[in-house]
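Letters A, B, C and D mark the chains as written, and numbering starts fresh at 1 in each.
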Amino acid sequence: MQRIPLGMVGGGQGAFIGAVHRIAARIDDRFALVAGALSSDAGRAAASAEAIGLERSYHDWREMARAEAARPDGIRAVSVVTPNHLHLPVARAFLEAGIHVILDKPLTATLPEAEELARLTEATKALLILTYSYSGYPMIREARRLVAEGQLGRIRLVHAEFVADWLARPGRAEQQGWRADPALGGEGGAIADIGTHAAHLATYVSGLPITEVAAELTAFLPGRQIDDNGHAMLRFADGAKGMLWTSQVASGSDNEVRLRVMGDKAGLDWTHADPNRLRLTRLGEPSQTLTRGGPEFMGSARLPSGHAEGYLEAFASIYTDAADAIAAGRVPPGLPGIQDGLDGMRFVAACLRSSRADGAWQPL
Amino acid sequence: MQRIPLGMVGGGQGAFIGAVHRIAARIDDRFALVAGALSSDAGRAAASAEAIGLERSYHDWREMARAEAARPDGIRAVSVVTPNHLHLPVARAFLEAGIHVILDKPLTATLPEAEELARLTEATKALLILTYSYSGYPMIREARRLVAEGQLGRIRLVHAEFVADWLARPGRAEQQGWRADPALGGEGGAIADIGTHAAHLATYVSGLPITEVAAELTAFLPGRQIDDNGHAMLRFADGAKGMLWTSQVASGSDNEVRLRVMGDKAGLDWTHADPNRLRLTRLGEPSQTLTRGGPEFMGSARLPSGHAEGYLEAFASIYTDAADAIAAGRVPPGLPGIQDGLDGMRFVAACLRSSRADGAWQPL
Amino acid sequence: MQRIPLGMVGGGQGAFIGAVHRIAARIDDRFALVAGALSSDAGRAAASAEAIGLERSYHDWREMARAEAARPDGIRAVSVVTPNHLHLPVARAFLEAGIHVILDKPLTATLPEAEELARLTEATKALLILTYSYSGYPMIREARRLVAEGQLGRIRLVHAEFVADWLARPGRAEQQGWRADPALGGEGGAIADIGTHAAHLATYVSGLPITEVAAELTAFLPGRQIDDNGHAMLRFADGAKGMLWTSQVASGSDNEVRLRVMGDKAGLDWTHADPNRLRLTRLGEPSQTLTRGGPEFMGSARLPSGHAEGYLEAFASIYTDAADAIAAGRVPPGLPGIQDGLDGMRFVAACLRSSRADGAWQPL
Amino acid sequence: MQRIPLGMVGGGQGAFIGAVHRIAARIDDRFALVAGALSSDAGRAAASAEAIGLERSYHDWREMARAEAARPDGIRAVSVVTPNHLHLPVARAFLEAGIHVILDKPLTATLPEAEELARLTEATKALLILTYSYSGYPMIREARRLVAEGQLGRIRLVHAEFVADWLARPGRAEQQGWRADPALGGEGGAIADIGTHAAHLATYVSGLPITEVAAELTAFLPGRQIDDNGHAMLRFADGAKGMLWTSQVASGSDNEVRLRVMGDKAGLDWTHADPNRLRLTRLGEPSQTLTRGGPEFMGSARLPSGHAEGYLEAFASIYTDAADAIAAGRVPPGLPGIQDGLDGMRFVAACLRSSRADGAWQPL
């Protein structure tokens, strides 16, 4: 099978998420990373490219989009792992050059940017795929399938959380760089950075859009301009309700993601600390622990059950689906794209509005 | 050691919580149950008393209070396990007779009743103890101690939940009897019945009163007059914040109680599914799993760690502390009494008000 | 219901297991403890009796057996919680006086004593019940029921362990008192004290007797005369095989008991750290987590599932079954009696023989 | 950094472990797979090579060794993922051609072959690395480090297990192909296929060689020529003792690997079901849950703790260490090589001997 030539914008030396994207793109061997503008600093771009053995290095992503589009062997897709405020202009440059965009979340820094990107995406043939990476976990996909099949009955409750403690101590906020600066990362702090993952899981699995939120965002750490903790009550379409908690100051929480979806027939419980299992309880029956073993969802797994797959494999599944989507010319249901990104930005904006209005319910 | 003569009002045949109180009172052998008005129906009262070998049986608790107060060997304490609307009159009768009252939660059916009972309690020498039974778990007490000692630092976050699914299916609501009738059980459903346990744990361990709530109470089951699910955002004294979830329709949740308290130095995590362990994580250190083994909290345990203690032992610790309190003539800090009960009723009332005001923050 | 008058031999102040028996006997209120020879020291016997409000105190168990048998209101059953070497003479005195005996494990200090007690028991009408307390856990009983029903198919593997670390540090062995002295406690150390619990669970649940063992017993702590760790390979009737590990020096093991039974259709996994759940996996299906909730085994539980029951409730179930057995005049299958005790002593003896023969297989 | 040109022998279409090796080699991007003899069948070799986009395809590994050694851009290392009986001849061909060998476990089909391969390896400059993949887990490496540092004190007990149920049902044995045939896979069944992983973990972490075993190997499934279950008691150097259980018929066991190592100061507990955590209990202190978070062992991890890494990342760490070893010209301690492989084969041979001698202790 032919590997898809891939480029990357951002992800220079020391950048965490860029390295994750590169591993994820490699795992199933559907992409070949051949070009990059890994940094806007020319020297750092070159050094970063050499460190990873990149064939073609740029330091200007506009130039990269132009040059790659012009080459017969140019990249067909680009991974965008820049600070949030660059998501829109970078994505635009590549989409307009006919190059597919694989974008790290959140979609953009602001909701107006997100809406502009949505219009842009609609107007091009190039695809936009968003790496809501938790949706690549086999058991999350199985959960989505079970809900879609109606096995939970009508959904009543959706509870999601993504809680961590990496900013619980003073001094850490500064290390956040652009993330801590509303002008670069956007006005949302924890709520945008990790809360959107939780919100995406909630809607991805339940199949229900969030219609309203009542939120309280807090910056616990002194001097922090954006929230490091978010509490929200949720209303979903069709009468379902829920809560969402996201935090970067939840002392003792080790990047804990949990999703519970309960219907009038059964309930599901998944936690990132034990990602290869999914608890399914049909009312009146013993809980079942589903694993990757069932033939129906081995499709998104590489190993027999019992052998842990993890975050990188989940991320790789997004890339592999992206390769399939590129081959098919469309983003299929189940693979996060522009609509998921727009929903995420609307969720963040509504939480910000609600928090400023002392928790009054706000529509998305 | 002399056993304290104990009576019981309510708790006739088939009543779940009455049997729990009787076991709890027996475990540490500090009480001797000798009298009861187990039912207001004379025949049922007699049959129930005979079934458990009770010496003195009444069917009228007013008469029981009078008669027992008059006997030289009369009861010195009474367990009240009636429907909520009877808590106030029954407690009053015994308190005024100089008999200590051990009352099942919630304190009363309504907030005005609770306030009246508070005034009453203040005016008598007899003690009122409230069986917020989860506060009897050794690890909950250890958690409270750790917070009080300052080991968590300043508290930022308190998250509590008590979720179950026993009313998730139609037809179960009716089996709730007086609990489902606002006139007898009070206007709060899940929020009063089990949500108050969660709220009590939150304040008991954190040492911080809840000052404001923004809540959404829902009756998911058709025909239900009171809530079977409650979502709340919480504000505590001293700037701490939190969330509380209580549900009787959370499909797949097997009476799951969880409490997380996070400060600027450390965080705690306790769950009812694993009650003999407590996770303590100091920032920058590995998580520790505390057990009942430490000498400092063996006081409230009967067995070496590794041997599970459970709900009945926790409940028994409340009774044993009640025996000590009766001997000492006062309810000590750490043993739930009238103030805890009043706080609980204020919490329920504030949640009801907030929910009716579409989630607007309400002071307690 | 009439309480059965109960006596106790052993269990004076400071004795752990005596207090456990007393709580267990109280929980379901089927016994009234009225007499005791709590110590062979007259002063200590009297003080211990007074401390627990015992009506009739003896310091000579022979005298107690005689006197109680002669009283019209004398005890009908006695709990024997003495050092092991007294099990036989004490049990004999009461059995011969027509008083039922509830005996703490192991049955006796030596196998010849056990065989003598077996002959004695056969010759009397009085019953002998042995408190293999783990067999009182609701999920262990459910496990036994599932195997007996054939739901696991033909049993292939039985793995049992009981590992602890309370003797891992020097100096602790001495605190063991009579347990550390082969003349009083018997030649088996960990293998007799806790290994017999594991062996009993293995046979109780699988329904298969152990036919042969190959064992290695070790005294890791310097100066210790009896084993503090035992490894054994097991052969069961009908071709099943297994392993058993027992230890008092397994650093970090908090009285961890685990039983796994696997057949050609399904497997079971139970652990003392999570006693209210039982994992059942039918081949080719997801694992199920059974709880006390199912109607078929609520008989031995007091609380709805989700509310932890623990060691004391398991122990209490043995007492409650003993009360039923006394009423019925026979020890029913499922309640440990003389045969279970004899099997346990044969297991210990075979392990000792095998270990001395450098692990050669020994029949039981 | 320059990628090391890599070849592969075996691993054609449908071969599970070949695909795992390829992903593992890609994850950290230190190797470029450029050549392969993926099958001995010419057509299948070509089709398999094309399916994965391999540059140079062979169907004869002897020819491949010759040709690649002759090319200036030839492979410098080869992954050998053939049936066991080919390990020796294939490894020999490449080692003699000066090409480093990365070999799947077990080392060979028989102990004499293993000894021959050991002599061969000693005589060449080319390196031999064995993919005992579980030793690549960050927490296993941390466990090894803690023991080596003396944090556990003197080791007393080492318990290891690798239990699965994939052969628990009739008919599955046949799907095992060469593994079920003693002439191709070797005389050991489960004991060689997965038992060697457990034995390796036991010695890798404890730092102690196994000196003697007493074993019972069983073929539970009718018609099976090699064991599908193995029980063993272990003696280690320096007086430590242990047990090992391996099974392919342990119904309900989902490739469960567990390692417990206990010393006179502390104990460790690791399980494959939760690979990113390690329980460390120092005597007299609460258990600690170590994660990948500590700076000292982030070296072998790619993600912050809380984000699951799994089997593929562990496997990748072996490859990455192999790349470092190739650069350094020697296999460092901690990376499994010929000695680990030879120890594993001696363990299997001793278990086979002991089992035939009815469990008599056999030296390794």
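A few remarks follow.
Please note the rule applied: a residue touches a chain if its C-beta (ideal position, glycine included) is under 8 Å from a C-beta of that chain, and two chains touch if they have at least 3 such contacts.
Chain-to-protein mapping (UniProt): A, B, C, D = Predicted dehydrogenase.
Owing to the predicted nature of the structure, the values given are computational and were not obtained by experimental measurement.
Most remote chain with respect to subunit D, judged by CA-atom centres, is B. More inter-chain C-beta contacts link the pair A-B than the other of A-B and B-D. Chain centres here are Cα averages; for subunit B and subunit C they lie 35 Å apart. Separating the CA-averaged centres of subunit A and subunit B is a span of 42 Å. Distance between chain centres (mean CA atoms), subunit B to subunit D: 55 Å. Touching of two or more other chains is recorded for residues 254, 279-280, 287, 291 of subunit C. Only residues 279-280, 286-291, 294 of subunit D touch subunit B when the two sit together in their complex. Residues 152, 156-157, 159, 165, 168-169, 214, 216, 218, 220, 229, 231, 233, 241-243, 245, 247, 249-254, 260, 262-269, 279-281, 283-284, 287, 358-361 of subunit B touch subunit A in their complex.
Those residues of subunit B whose C-beta lies close enough to touch subunit C in the complex are 1-3, 16, 19-20, 22-23, 26-29, 51-53, 164, 166, 254-256, 272-276, 291, 293, 302-313.
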